[in-house]
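The two complexes that follow have subunit A in common; it is paired with subunit B in the first and with subunit C in the second.
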Partner chain A sequence: MATGQGDTESDGESYTRRWEPRLERLKRGWSRYSEHNIGILGLVILGIFSLWAVVPGVFAPHSTDWVAYLGEPPIESRLTAEQVRSLPHPPAFGDPFFAPLGTNANGNGILSLVIYSASNAMYIGLAAGLLSSLVGVPLGLISGFYGDTWIDEAIQRFVDIMYGLPFLPFLIVLVAIRGITTTNIIIGIAVTSWLNNCITIRGETLSLKERSYVESAKVAGASDTRIIFRHIMPNVLPISFVFLAQDAAGAVITQASLAYLGLADFTANSWGIMLENIKSQGYIFDAWWWLLPPGIALMLMAASFYFIGFSMEDVTNPQR
Partner chain B sequence: MDRPDDREPLVEIEGLRKLFDQSQGIVDTVLGREPQPVRAVDGVSLDIYPGDTVGIAGESGCGKTTLGKLLVKLYEPTEGTIRFDGDDVTDMTREDERQFRKRVQMIFQDPFESLNPRMTVYDTVSEPLKINEMVDGYDERRSRVKQVLEDVGLGPAEVYLDAFPDELSGGERQRVAIARALVVDPDFVVCDEPVSMLDVSIRAGVLNLMQDLQDEYDLTYLFISHDLSLIRYMCDRAGIMYLGNMVEQGPTDDVIDDPKHPYTEALFDAVPDVELGDDRRRANATGEVPSPRNPPSGCRYHPRCAHIIPPEDWGGSQAAFRRAFQFKLKVQRGELDAEAASDDGDPVESLVEQGLTLDVPEEYRSEREIETGGHRTDAASLDLPSDARTALDEAAEALLDGDQDAAVAALDEVVTTPCASRKPRPLPSGTREVACHRYEDGDANTGAIGGSNGGLNAAPAED
Partner chain C sequence: MTRISGKYLAKRIVVSYLTLLVIMSLLFVLLRSMPGSFITSMISSGMTNEQIQQIRETWGLNEPLWRQYIDFMINYQTGNFGRSPTYNAPVADLMIRRMPRTLVLFGATFLIGFIIGPLVGMYLGWWRGSKKDKSIFSTSLLLYSMPSFWISWLFIWVFNYELGWLPSAYMFTQFPEFQWTAFTVMRDVLYHIALPIMSLTFIGWVGSMLIMRPTMNQVTDEGYVFLAHAKGLSERTVMIKHAARNALIPVATGAVVGLAFLIDGSIIIENVFNWPGMGQIIVTSVLNRDFPVAQATFFLLAVLVVIMRLVTDVVYTYLDPRIKFGEGE
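After this line comes the complex of A and B, so read on.
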């Protein structure tokens, strides 16, 4: 080590040395993650969806307002009767227009709609997953750590009550009161999905707090907060990752089902709404190019969350 | 190894009790049953002097681990006091508690459990420093951790700092656990079975290290172990626990070479003597350890004791009384099988002989017991007084009639023992304290009973 340098220098040095092991750990974690092919597959799929969500314009051939035959807005003319009859149009590549996945009954390009809907699905999945983890994990930790006290009792009774809540009627009441917006739907999904989180984490905490390393931390003088967050939480993270991914996948699918039932914000673009439209307009058996893409996109997104959750579990779990 | 009179004790334990309430099931509440707490530690007193190594031995479930955890304040005592360096640890201010946490540490049994699998060696060892804000700055902390790691034989420390527990062997892990305990430079360390989970080949290494560290760090140790050879190897003073009671304590050599309490004697009998190349011998104690939820009255060891004291007016031998007392216990527990007895010969005789058997390892059994696989013994060869014999026959008859209460009543007058009615208090006897009625009225009593039990106990009363 070079000596005789300024204080700031050596501070920086100790800082790098301090972070080095953590970087090293990250690297090790990645090499373990990348052992799983499906983990990589999940990341790739999610990566593509993220790009679609962030810069849809780069990938989509048209905007969502594009209409077959007429082109991008502003649209001055109207479709002829013959053109209307040809909609929904099967995939076309330049003649009479370019729409690789065809169009829907309004003449909008399916591929563009699918790409523009990715952001909505990502948002709902991540927001609902994170929300239910952020509520469920801390409550589960506290409930487990203070197991068999009034704190635990109170949280568990609350969970019981929430379990009794029927999901669909609850959601209908919620949106009736607060309006059909994506945010309300996310809240509706998270309100029920944190319960599983909480119960599993509580069970895990109950067993972890009996470990002697927790006792050893107590002997060293650690506070309850330190024990919960430093000693117990890192050991429940693997399962909470799995739950986060599962909840995200579940939320995307739930939102699509809700959209199919007509409980969705129709000003937003979403795969669920595309499916609802094809049903309500009666083309399920006629326009496969309209039916399949949103369904497949939905399935892939849910799968990628599951795949990532599964591989993360292995990385964060040292006992393999 | 003299009793340190001039020094102040570091730890003073007085009348310590810890009961664990088991949460009551709904059925018990409805039926109005009294909750039966587990009496893990029940009235233990002990002084530990600075620089000593005290060993606590006993079978599993005797409360020794609970005692250790009480000493490091992992549990709050139900009753009694623990004073550390003069201060009551059960009643401390926050600041006092911080000081206490720096001075008292514990090493746990299982190094695979006592290290957080997600923390590196550096994080684990430096944690007590951080919590107690003992060393400022990352660099100083790191060098302190390195120094301790090297002290516990994990050198060069650089190799270990960033390792996770699952990359280390059992011995290395236990050394990390020791380093974690020592990093705050404590005065008193409780070691709960520190090597029992380690490979036999590395135990000695870890124990020697702990001895070296004792000098280097000026430590006082409390060793908790079921392994008597470890206690003999490590400790200057030893305490023997049975069902939450401290039955005997004193300088290790005295306790081991000349055990006074019948339980200690039985415990040491059970240790295979490596030097003599003996096979594993087993204890001369009847039956199993009773539940700490409902311990026996009087002396807790009395249902198993080989030297149980006969009543004043007992005319026969102590050995005969021990058997007669076992008969009574079996009647009380309803263990005698009247039906099997009525099958062969005289049912009363057969039942009495069945009741007089001892549930002990083979080397302590009578010939007839070995022949019959422990089901019968020869009543005639026992030195039973005639009134006792009559009482036994009466009880056996009552049992054959199916009247258990009458059987117990028949025995109640004749087969009694002070051991079951009075609790022996730990009293000084020579260099140590023993909790046994045989040592209460001076050594005269010991001699008398030692003589009448056929030389089974040759406890010399040289003190």
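After this line comes the complex of A and C, so read on.
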């Protein structure tokens, strides 16, 4: 957090002196974090999804363009009528083709689609979570630091206004204005999800700014900006990580909901789009192997973010 | 007994009203900046320019934008919501018909969620760190992570498709064989609302649990809980009568956030179950660029949220006598 400060000493000893307490704190934090089985579980799930996102080819049995009976592209022949009728095909292991989770109505392998979609969900979750933290945390800090002034009042009224707009329809309008792309969906989610972030950070800041170290920084002549970002922000960062995790989980689910309503970038692969396809093609009750995997993947991805977030909360919570 | 001064309340009401005005202006701008317009669906290729102009004239689209804005703001103050081009009916009628349907869904889910959630949260917070807490808490987080439309599909699959117990769509039986009396209608609605409420509460209760659990855990360290224990009261009495009451305060404020979550959830649920309420119409009207309807639905939902915020502030002071609003100003 604070490495770029202009310390004149830069020999090895001061380096250890500076970093030892931090490492110590990190270790203590980790030991508290790892007391929670769900925290570890969340990290494991997220780790697997990250691997899927980075190297999907290693895990997926075939590419997303693979078609049942015909195999990998380039595809010259076409499906016979009988073969088309057998789609979506239930899980098959080698006979007539290999697709551990069956195929969808177009003959693409479900397992491969699920694995290749991980990167999209991961990207949306992390990007929207980060973006809403980047908006919510500074605004909360400023609002709290200037508590009971017109700045605070203005920010809080703005939060009130945003709360008055129902999130999902507002998101639909935003996406409709800017066009349906993954980036715009991320921006839209961030615009609607920074509110809780801002309110909590504000409350924290209100109590933190009464602490003596803030007083002494003030006496020492530190500027407001310096006090906010150098002295107060490091203390609210852990909580904002909790919110980042929760926002990320919310973003993953929201993106799926948007896809359900038909608002998704259909050129990309995503779990939400897989579920939208099963609805629009009418196989919800006929193809469990198509219905369950994307939903479970969505659930696990969001849950892993929640697991991590709530275990983090315990690390940051001094009471206990 | 009132702990809220009249002056404070008046100030809050004025601020709420101004908030609504700003929300309306924001809505006007946002909806108008969406590409496309509802009249595109009314114009067919054979129309002359004059006919198109006439359609624009009828719907007031030829007026300058600032004029439309002022009309919109003034009309809404007098409760005139205009006419819907796609439904070809007064928007107010549509809203009056649809509002109760959504409120029924909202109310039931809100009630059930805010009974189950705090109860479970109380239990988990009290026994925090125990095996039961860990398993129930992680399960509920898993529930919370489910996309609401997906869990509705699973419910429909089990209870409608496989078992045939409950209907999967609409608010009434479409071609009823029974007589329409107050009782049969009630029963029919309850029969149809069962699955939507189940799907919505299945996820929704977790929100209030998440607020209740940590505050309950904090309360366990308080002196009065220790005292209650020392008096020899049973674990149950201490938990429910002494600890839980105080832990409920943040849950009450969290109700507003819960409401926002509920609005989102019910929009999806109404679409899945074809429930003819506000959540369904808000999506279709935005997608069809039916501005009068979209504006009215957004506006009414905003009114709901703003009123809820006011109410929670009042409830807050009754739950916690230490909080006094508007004194010392």
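We adopt the following convention: the second predicted complex is superposed on the first by the 284 of 320 C-alpha atoms of A that agree within 3 Å, B and C clash if a C-alpha of one lies under 4 Å from a C-alpha of the other, contacts with A are read in each partner's own complex, and residues count from 1 in each chain.
Note that contacts are C-beta pairs under 8 Å (C-beta built on N, C-alpha and C of every residue); 3 or more make two chains touch, one makes a residue touch a chain.
Keep in mind that this is a model prediction, so the values were computed, not measured.
When the two structures are aligned on the shared chain, A:R85 is found in touch with neither subunit B nor subunit C.
Once the two complexes are overlaid on the shared chain, A:G164 sits against subunit C while remaining clear of subunit B. For subunit A, the partner with contacts to more residues, out of subunit B and subunit C, is C. Touch criterion met: A:N235 reaches subunit B, while subunit C stays clear of it.
By the touch criterion stated above, A:A222 is placed in contact with subunit B alone, subunit C being left untouched.
In the superposition on chain A, A:G295 makes contact with subunit C only, not with subunit B. The intersection of subunit A residues touching subunit B with those touching subunit C, taken from the two complexes, comprises 319. By the touch criterion stated above, subunit C contacts subunit A in their complex at residues 15, 19-20, 22-23, 26-27, 30-31, 33-35, 134, 137-138, 141-142, 144-150, 153-154, 156-157, 161, 214, 218, 221, 256-257, 260, 263-264, 267-268, 271, 282-283, 286-287, 294, 297-298, 301-302, 305-306, 309.
The touching residues of subunit B, counted against subunit A in their complex, run 23, 69, 72-74, 97-98, 101-102, 104-106, 108-110, 113-118, 120, 122, 127-128, 131-132, 138-139, 161-162, 164, 166, 177, 180, 184. By the touch criterion stated above, subunit A contacts subunit C in their complex at residues 37-38, 41, 157, 160-161, 163-170, 172-174, 176-177, 196, 249, 253, 256-257, 260-262, 272, 275, 284-285, 291, 295, 298-303, 306-307, 310, 313, 317, 319. Of all residues in subunit A, those touching subunit B in their complex are 14, 18, 21, 24, 148, 211-213, 215-223, 226, 230-231, 234-235, 318-319.
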